[in-house]
Amino acid sequence: MADLAATRLSDKEDDFRPAGGLQLAARQLLRNPAATIGFAVLTLMVLAAIFAPLISPHNPIQIKLSAKLQPPSAVYWLGTDHFGRDVVSRLIYGARVSLSVGLLVILFSFSLGVPIGVLSGYVGGRLDATLMRLVDAFLTFPPLLLAVAIVGLLGPDIQNVMIALGVVQAPVLARLVRASTLAAREETYVTAVRALGASPTRIIVGHVLRNVLSPIVVQLTIGFSAAVVSEASLSFLGLGTQPPQPSWGRDLAEARRFMTDAPWLFLAPTLTIMLAVLSINFVGDGLRDALDPRSWVTRRRATQEADD
Amino acid sequence: MLFSPAIAQAGRRDLRVGVFGGDFGNFAPVVRYDIQGGLVLYNIFDGLIRIDFANRRVIPWLAEAWSQPDPLTWRIKIREGVKWHRGYGEMTAEDVAYTWRYHLETKSFQVGTALFPIDTIKTDGKHVLEVKTKRPFGPFPAVTMGYAGFILSEKAHKEIGAQAYSQKTIGQGPFMIDSVRGNEAVLVKNPDYWRPGFPKLDRIVMRAIPDSAVRLQSLMRGELDFMTHPDPKDVPEAKKNQKYTTLSTVGWNWDYQQFNLSTGGNEPYTNKLVRQAISYAIDREAIVNEIYNGQATITDNQIPEGFLGYRQPLLKYPKNGDLKKAQELMAQAGVKGYDVEVITSDKDWLRKELELVAAMVSQIGINYKIRNQDMGGFNNLWLNRRYQQHLEDITLVAPDPDATSWWFLHSNGSSSAYRNPKMDALLDGAREQIDPAKREPMYHQIVDMTLDECPLIYHCNVNFVQVYDKRLKGFVQTNQEYGQFHEATEWAS
Amino acid sequence: MALLEVENLRTRFATDRGVVRAVDGVSFTLEQGEVLGLVGESGSGKSVTSLSLMRLIREPPGKIEADKLVFDGVDLLKASESTMSSLRGGKMAMIFQDPMRSLNPVLTVGRQLTETLRRHLRLDGDAARRRAIELLEMVGIPLAEKRLNSYPHQFSGGMRQRVMIAIALSCNPRLLIADEATTALDVTIQAQIVDLVKRLTRDLGTAVIWISHDLGLVAGLCNRVNVMYAGRIAETGSVRDVFYRPSHGYTVGLIGCTPRVDRVGAPLTLIEGRPPDLIRPISLCPFLPRCAVAIDACNKTMPAMNTIEAGHAARCHADLSVFHQKGAA
Amino acid sequence: MNRHFVKRLAQVPLVMILVTLTIFIVVRSTPGDPIQIMLGMQTSPDAVEALRKEFRLDQPVLVQYIYWIGDLLRGDLGRSIRLNVPVSQLLAERFPISLRLASAAMLYAIALSIPLGIFAALKRNSFIDYLCTGFTVAGFSIPNFALAMILIYVFSIQLGWFPITGIGASEAEGAGFWPQISPYILPAVALGTLQTAVLTRLLRSSMIDVLSQDYIRTARAKGLANTTTLLIHALKNAMIPFVTMVAIQFGYLIGIQVTIEYVFAIPGMGSAILQAVVTRDFPVIQGFTLIIATFFLFANIVADVIYGLLDPRVRY
Amino acid sequence: MTAGPFIEVKDLKVHFPAPKNLFGSGGAIKAVDGVSFTLERGRTLGLVGESGCGKSTTGYSILRLIEPTSGQILIEGQDILQLPQSQLRPLRRRMQIIFQDAGASLDPRMPVGDLISEALEIHGLWPGADRRRRVRKLLDLVGLSTQHAERYPHELSGGQAQRVAICRALAVEPQLIVCDEPVSALDVSVQAQIVNLLQDLQKELNLAYIFISHDLSVVRHVSDEIAVMYLGRIVEKADRKRIFEGAAHPYSRSLLSAVSIPDPDVEQRRRRIILSGDLPSPANPPSGCRFRTRCPIVEEDCALHDPPTRLLEPTHGAACLHIQKSQELLKWT
């Protein structure tokens, strides 16, 4: 008969508060090189956007016709535009627009898409059917044209651009969250918690939402990059951000005329947008793996065998 | 290569024209048309009068002659032997009466601009028309016969129906509409055109290409023979290119700022000293060089060269502005600096001009908050006078100073945001004065008052530029954006 | 000459946590028509051994070495990929554990049968179809002709395993490897399949390597048994040697903790702890930390494979005759 | 399978009503009156009034919606306020062009993503894998009009291989194969690059998943030659999600051509809607957006049908 | 022993609506079609049968994790089927469940310590500081140490994961635990450890178990009384000694004959009863006796009426018309 009061219980009363899930996810994320680089680039861009006044070499709005269309030089690292404004400074300030467009689109589609997705996924039945038909209706709407229509009709200032892009991304997220919630609801651990007598809210918030996070994060990164690129397209069509606020999209749109005579003007915003989208995608991929608990390693891993 | 220009030159009788914009709107002259529509209209219709651009005179065309038995009556002799396209018979005075009555009944866009003075229209036989005006109207030939100069064929209009007429338009000009699809309009030679020997070409294909750089590149690659509105920065390079002719003529248009003075509010710019200060702060030459790369001419008033009442481009404000004077005026007005919202439409060269102007006026403390609207949004705010200031450009068709002032300065002018009884009296008086010698000083007074009051500040007249294959001969350029007549264009043998 | 000779087979996998020695020196021979049982718990290396024989291990990250690996006169180590692929499904065949996932869901059963026949026996068209129908009837699938065009998801678990067997035996293989072939099936269906395999392999004279964690199954089916632990053979012998005269601590433990439906009430003797991590090198008997019958020698040296009696050997220092039963139960 | 298909079809009318409602609300909640905008500067108030009545703009919004739906059911999409031309005629001119461009772009995407996806999956986590995925992600991140500009500069101006404009030109009608096809190539590449990224990533992950399946191991255990195993067994499974995604992406393609149409002067659906939005030409906005939404909806349903056809588990 | 059984199940039925295909009504899948039994505290009832026989569904529906169609579930006399969810939740403390795939029954994103304290939190047990001490006690009870508390489910072996699941169940101090194939996915050695742990816990905490498995050897080892199920019905129920020697129902005997015995001589000399064919579809079970389509001793009358349970002894019943013939003919030892 196995002796019940086995003496293997270690005496030291150490606190067994383990590293939280997010800490482990972060540790895992940093192990993925592409994601780390992406993360670094993004933080750099965010810092540049926040501290733009401090770090930008020149005033981005100041028109200096004498310095018009100068190639990259010591003074102007990436040259100047058709009004003699420094390209680097405009990219730094431009980050404010493009990144905030991306960020607000994420917030907007998250706050709209996730509740609808979770609700219709978990509750199901008629509510699910009606919500999904509404989502279908918006999903069938051609994304860029919906954005063009909203911006064109409500006026081209920033928040309208964001509303437009947010509205376009929300149904995609809602669809995805609903699918993940449906899958999560069938998981054994949800049945187990129900058996323990947990209330539906505890189940949704405590278990379903946390395990639905990973697909949401990936879709948000895709949404972010789509927003940055869409802002550029809208500016190209003349519906984007308002002068004098520099934005990557508008600078790219205005630089296309000089593609042959001042290529740096065209390449700088293009490469910046690509860099931003690439890094957000690598971070997204990295997060998808990092948020998967199977990749978490608590610090005690090495000693695992010892105490068996 | 797709359309290589190497097709045998001598015999070529077709022309491929690249225009800006997205598509070709409607071609019925009784329904408002945009610029691309106008380019087609001016080649499928002959007007009652035509403008002799060389010495800025109105010359009789389908209206062979006209007389004014008394200040209120005009008798117009319609040219005989002019046939409508596609066998719709000969053009008669009845057609002109029908057209103008149609305009008046449907209250079309031309009523406000050209037909407002008309009281009664009567035909006197097949080819004479007698029009009575409510009040004497001097610029009748230029404005009424100019703006509303395109006449419908009554028979065709009734048979085809007003709607279909927009696309299957029947004119009597050198070319006929063959087909309109997507961004392309195809015109073919009108076999029974009343002027023998014209047109020299059998077929014109017009294609709307929105991006100016792409339009020029298409020309250079041989996909087009003729293109308009190149990007100003590419014009010097085009001029140097041996294979192409580049024409750049001063256009009857201008870029201008307008203040909304109709609200009766007390914004700082309601003080005319502030407006004058702004005009002094503007470096018009910088605008011409930076925005139009030299393809424009400076001006500070509304009467272009060759118009009745024209004196010289810069009457009061120096070409590079006068910052000191501007700062003095601001001090005089007791205005240190203020914010104002300035709207403009979606033309990207105008948006850049506004950014430049905003930089200039910031030197006297005025902060222009720019709002770029799309065309629909802009018109909505502009026509309903829901704006503080705006920057826009305007193109004019009739070579008469009335058309350049009345609408903008008269208290019930459709685009005016200015109320000044003295100005109204001057404008109406000049309009009704028949004798050009007496009208000229009246317009000098109007211009001087505009320069002083500054309800509008004029920047420049933008040139119309066309680039086309050097082997094309006979194309006559005009100061009008629509005025691209191709009846004389032909491939040199 | 034995059908299959395996000497010191070692299969390792490079993982980010280190090199996993899944099979760490396995030697055995298999005669024609013999049924060999490979018994052991998960991680014992029994499946990896069979996959190594068929060279179905992806190299890298896997790596197969051996002093001798000869099947029917062919040196499997040096054989080219084309030779191996003509062997697989031809002279050597294999059936796997999960019938639900071992058949391609988008190809008809007939197609998956005839493609094997075409590959190895150059049968095609009608000849292949007819043979396929015969095979399905052989494994006891009713209305074989009609079922030829059905898809795997239209068959029950048992039926699908029968199809797998038909495919495996289609080219009359010299060796059939069954890797936990009935674990996923219900008991009554399992009995049917075991009975079928026993009958067919006896009729065709096919040698069988039956891999399973179920001692009862091996007891009923095999003539010889290799008990595997931590990638090595702990004990080998005839099925009666191993069951009635277990001579390795692990074998004793295993038999002790397996419940028997015909004996009730006797408490199960426990084996504490968990199988070892195959990454760290082992200097002593891998079962030592969990062994209830260890003696001093076990803490000193690595036990060699010593023979208990002809054909029966165990890699254990202890004398476990106390557990030996007198003759049959 | 048919039960599932019928259920999907049954949803269509409901979704369509919601779509028309959304379009209508978005369009009609606009500042700016199309008539006034169209008539422009020299309009007299009663001229505006006359035209408003003709286009029923003077009536309450709901009534206008019901009229629109009524006309819709009779197949009358209304008339463009600006062009004075029936919307259906505009559609007849522009939809085929957008469709051809979408198909060209999708062909390019498929032709590129199949080899890339399979190759990246086979050589997983190797240098080639990173190369393929890197290329596709780059395609994903560059705004398509910037790519278009670069393509024009390199392939039309410098190398002169392809024309810049020319889609929809009547000249090209009877001028043989190349003049008809060549104007589609650069726009298709510019438009299709995003789809290539999406499809390559999808095919790579579904190939990796299929290659790890037990039935692939069984195929190899049956001694099938590597190529046949790979192609027949693996691809047939991996293609199911791929083909479904192709259908869905094709639905999207129509809606995102605006910028490409602008650069290459293509008289497609996108530029017509943009033009209509800018001039508040409601009938055109409503008509075109409805058609694009319907096209997208049916692309989704076709995707379901294809899924059913390819995967026997759904069919039987 | 309290008076009367802890749980009494009367004529429990669980029917799922079959997917209606286009052409006809689908009828209902009768997963559980009239199951009755009683169970006292401290005793174990074994539910054994092949996949599709409804044993797991029975287990789930007793805890109303799947809502039964009809029948009664009396917990100390109170029928919990009538209770609304809100009133049922506090009652859930008294009946718990552990699953076959223990790893999947633990939220992957929560460390073991939290998983256990969550159970206490739900019912407000051991609030404040002594909750951590209680968790440590529970971990010890199932043979785990505080080091395990910090690990995430994917870092646990199968055996360890099942121990955590048991620990979580014990946290709410249940009286009954439904064990749904608790050891089927484990290796034999680990299986034995868990089986012993369950038996020790039963003795110490006077727990009632409903032990569900397809493995007759394990069920017989663990259970006091065994019920053999086939296609949603209990075909035979007896104590574990009787079920072996005196199995009456032909299906029970076939099942026993199919189970392998780890003893070469015994196993090789045994006579097998090999059932033909596959399990019929639960959507429309065969008329009369459900087993008749696969029964080796089927007679005409088997198709006519559904055999009632005949009691051979007070605690041994079997639902077959020809028990005599079954016991004589179907030899399996």
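Each chain gets a letter, A, B, C, D and E, in the order it is written, and its residues are counted from 1.
In this section, contacts are C-beta pairs under 8 Å (C-beta built on N, C-alpha and C of every residue); 3 or more make two chains touch, one makes a residue touch a chain.
Predicted model, so just to flag it, every value in this text is computed and none were measured.
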Shared interface partners, meaning chains that touch chain D and chain E: A, C
Smallest count of steps, each to a touching chain, taking chain B to chain E: 2
Contact-richer chain pair [A-D vs A-B]: A-D
Between chain A and chain C, centroid-to-centroid distance (C-alpha), Å: 50
Geometric centre distance via CA averages, chain D-chain B, whole Å: 39
Chain centre separation in whole Å, for chain D relative to chain C (CA means): 54
Interface hub residues of chain A, defined as touching at least two other chains: 1-2, 152, 155, 256, 259
Residues of chain B whose C-beta touches two or more other chains: 211, 346, 374, 376-377
Residues of chain D engaged with two or more neighbouring chains: 30-32, 157, 262, 274, 277-278, 280
Residues of chain E touching chain A in the complex: 60, 63, 65, 89-93, 96-97, 99, 101, 104-111, 113, 118-119, 122-123, 132, 136, 140-141, 143, 145-147, 149-155, 165, 168, 172, 193, 196-197, 200, 204
List of chain B residues in touch with chain A within their complex: 211-213, 231, 233, 286, 290, 346, 348, 351-352, 354-356, 358-359, 370-374, 376-377
Residues of chain C touching chain D in the complex: 54, 56, 81, 84-90, 93-94, 96, 98, 101-107, 115-116, 119-120, 151, 153-154, 164, 167
Complex interface listing, chain A residues touching chain B: 62-63, 65, 68, 82-83, 152, 155-157, 238-239, 242-244, 254, 256-259, 261
List of chain C residues in touch with chain E within their complex: 41-42, 156, 158-159, 186-192, 195, 213-220, 239-240, 243-244, 253-255, 257-262, 264, 267-272, 274-275, 290, 328-329
